[in-house]
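Report on the following structure.
As written, the chains take the letters A, B, C and D, and residue 1 is the first residue of each chain.
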Amino acid sequence: MSKTRLEAFSDGVIAILITIMVLELKAPDGTDLAALRPLVPTFLAYLLSFIYLGIYWNNHHHMFQATHHISGGVLWPNLHLLFWLSLVPFTTSWMGEHHQEPVPTAVYGAVLLCCAVAWSILQHCIVAVEGPHSTLATAVGKDRKAKGSLAMYIAAILLAFVRPWVAEALYAAVAMVWLVPDRRIESRLGHRANAV
Amino acid sequence: MSKTRLEAFSDGVIAILITIMVLELKAPDGTDLAALRPLVPTFLAYLLSFIYLGIYWNNHHHMFQATHHISGGVLWPNLHLLFWLSLVPFTTSWMGEHHQEPVPTAVYGAVLLCCAVAWSILQHCIVAVEGPHSTLATAVGKDRKAKGSLAMYIAAILLAFVRPWVAEALYAAVAMVWLVPDRRIESRLGHRANAV
Amino acid sequence: MSKTRLEAFSDGVIAILITIMVLELKAPDGTDLAALRPLVPTFLAYLLSFIYLGIYWNNHHHMFQATHHISGGVLWPNLHLLFWLSLVPFTTSWMGEHHQEPVPTAVYGAVLLCCAVAWSILQHCIVAVEGPHSTLATAVGKDRKAKGSLAMYIAAILLAFVRPWVAEALYAAVAMVWLVPDRRIESRLGHRANAV
Amino acid sequence: MSKTRLEAFSDGVIAILITIMVLELKAPDGTDLAALRPLVPTFLAYLLSFIYLGIYWNNHHHMFQATHHISGGVLWPNLHLLFWLSLVPFTTSWMGEHHQEPVPTAVYGAVLLCCAVAWSILQHCIVAVEGPHSTLATAVGKDRKAKGSLAMYIAAILLAFVRPWVAEALYAAVAMVWLVPDRRIESRLGHRANAV
């Protein structure tokens, strides 16, 4: 099993997803700056989802760099992650058009939650093959950041029914936490590279 | 002939196909959960087609990994397969919107049947170059799974005119059979890798 | 200058073009076979353009495989080719919807003609760097097939104003001529590989 | 950190952006040449944006070829550049439909300005890692071309409110300046290659 094609296919799907979201930003009929105002929530939802997909791409990149053995059993967990990511443009579009409504805001979070769970499954499958003393396993550790994110998504989904903007602020907060690439893996890889 | 570009191009086309299907899931005008209900059949059709394209990508991956010699004669059988796969978003969209109607359901199966035939042609062309004692030829063997799938598709197409949902259940059943990656090739590759 | 990224970018653009054309095949509102009938010309135009883009991809693949030196001067001729290819979905859509009309049929041919001219320019630039005794230069030779195609396109564009279907038959005929991958380059590469 | 995946992902996003813009060129309802006339401004805006995205791809290609060390800190500046590039199809569509209006013309320039700033940030981050005596740092030098472009964009944005066509001519002029690939980097790479 080569990881090159797996990476290339995942890159392709994420690149397409991150790009087709912009098709939702339709050129307005008006020609003054006021014509852009109704697009602001859609634009902000696009920006948030762009960051989320960027985070997933970055972490996917880091995780597979720390991966040495790929078994056929990784293909479907990877496609499973791509499936949930593929729903992000849909939820972005819905929340962008109705950002003050509870259900679109909660559904946006629910898809993020599914993405995060799919990520954990994929990571678990890879760590299981790599072994408990591998670079990746030690870098991931107890994975408090991932567990904290899951809790934040669940809180945001519930809060969406009370104050949608609080939920949206929570989504942005989780994105900020992850914006920093996973230094744990990178620093371990650095150590290992020195050792080699 | 390098197989890198053939793989990269196929990855690109399949990544785009698997992703543009999601454009059919348009954000509803309503903002409650009931607004999502009319999207359920479209969503399920998307899920099924996502799995099918995922299966084709996985098997394409496995087949080309077991392939050592690529002749120019493989390019067109590969494009022929991509052509039929490219019609999957169209039939997914039609069946998703009219899942209780015979013709859209039968046409969905007819395109799957053409994809399967195109796959068999491609496999045949590659095996012909690799030779009867190659890893791929012995891994494929009599290829009962492929022949069984063809029979299932034909049965489903006919049943679509009587009970569309039975046809849809058959499509899902074939997908389940293939969901497991082709262990035959992988295990043979493993043996060979050990031998080398 | 590495040719890997040039190939990867060109593969990406051609893969996207060959795939987004299928978005023009919109699921019909009706649910019987008759509902598909109005789509037949669009489908045939899609099939023809799919073959043309497949031919360009195949030949691009073969040409760059026979190329050893890439200078920065090849980037823009390559983008120039991709620009004209990018107009194929537009002309396919217009001709598909109005296949009995002179202007859409002629414009379809005009874009094919521009693609062919752009191809010749790109080939010329590469041969100029490779040198007159290179594999590619000897394989291309006097390039009668390309010159004949240009003449055929011009004839078809003129005939489109008299009998659109004759022009369309000519487009299909040129595609048939090119469907065979460029054996000249492949056979030369084979000789060279043996020599090495 | 391997630069392969970073390049592949960027290639994917730019290939998609350069291609989806053509979806704005919708097949007209009419079937004579006059039916194409309303598309001319959209077509010219597409051509201009195609050249801009081609320039960014070319320069991205050259810059990463001159880059030897990639740190995780380059991922986000690269995604930041891709974000602004992803807004080009939107502004192209708006300006194409309203090419005599100040605001769409100014907004087109504002996004180009943001792309140019994002490019400078990315270049700065890479040069910081490569070091002041690296191939890239000496090739970039004082980067007068980039600074001149920023000034031109700002001038064009202001002029858009007086004479939109002057602004558009300035955008085209900047594109012409950049159309030539960055010979500085290429020539330095050549020297270095000789030295090695």
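Basically, contacts are C-beta pairs under 8 Å (C-beta built on N, C-alpha and C of every residue); 3 or more make two chains touch, one makes a residue touch a chain.
This one's a predicted model, so the numbers in the text were calculated from it and none came from an experiment.
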- Message: Please report the smallest number of touch steps linking subunit B to subunit D.
- Response: 2
- Roughly how big is the turn, in degrees to the nearest 5, that lines up subunit A with subunit D by CA atoms? 90
- Indicate whether more than half of the residue numbers at the subunit C-subunit D interface occur in both copies; give same if so and different if not. different
- Message: Can you tell me which chain lies farthest from subunit C, using the average of the Cα atoms as each chain's centre?
- Response: A
- Item | Where subunit B and subunit C are represented by their mean Cα positions, the distance between them in whole Å | 27
- Message: How many angstrom lie between the centres of subunit A and subunit C, each centre taken as the mean Cα position?
- Response: 38
- Item | Of all residues in subunit D, the ones touching two or more other chains | 8, 12, 16, 20, 23
- Check the chains against each other and report every pair that touches. A-B, A-D, B-C, C-D
- Note on the structure: In the complex, the residues of subunit A that touch subunit B are 1-2, 5-6, 8-9, 12-13, 16-17, 20, 23, 72, 75-76, 79, 82-83, 86-87, 89-90, 93-94, 97-98, 101-104, 107
- Message: Applying the document's contact rule, which stretches of subunit B touch subunit A when the two form their complex?
- Response: 7-8, 11-12, 14-16, 18-20, 22-23, 25-28, 31-33, 35-36, 47, 50, 54, 57-58, 61-62, 65, 179, 181, 183, 186
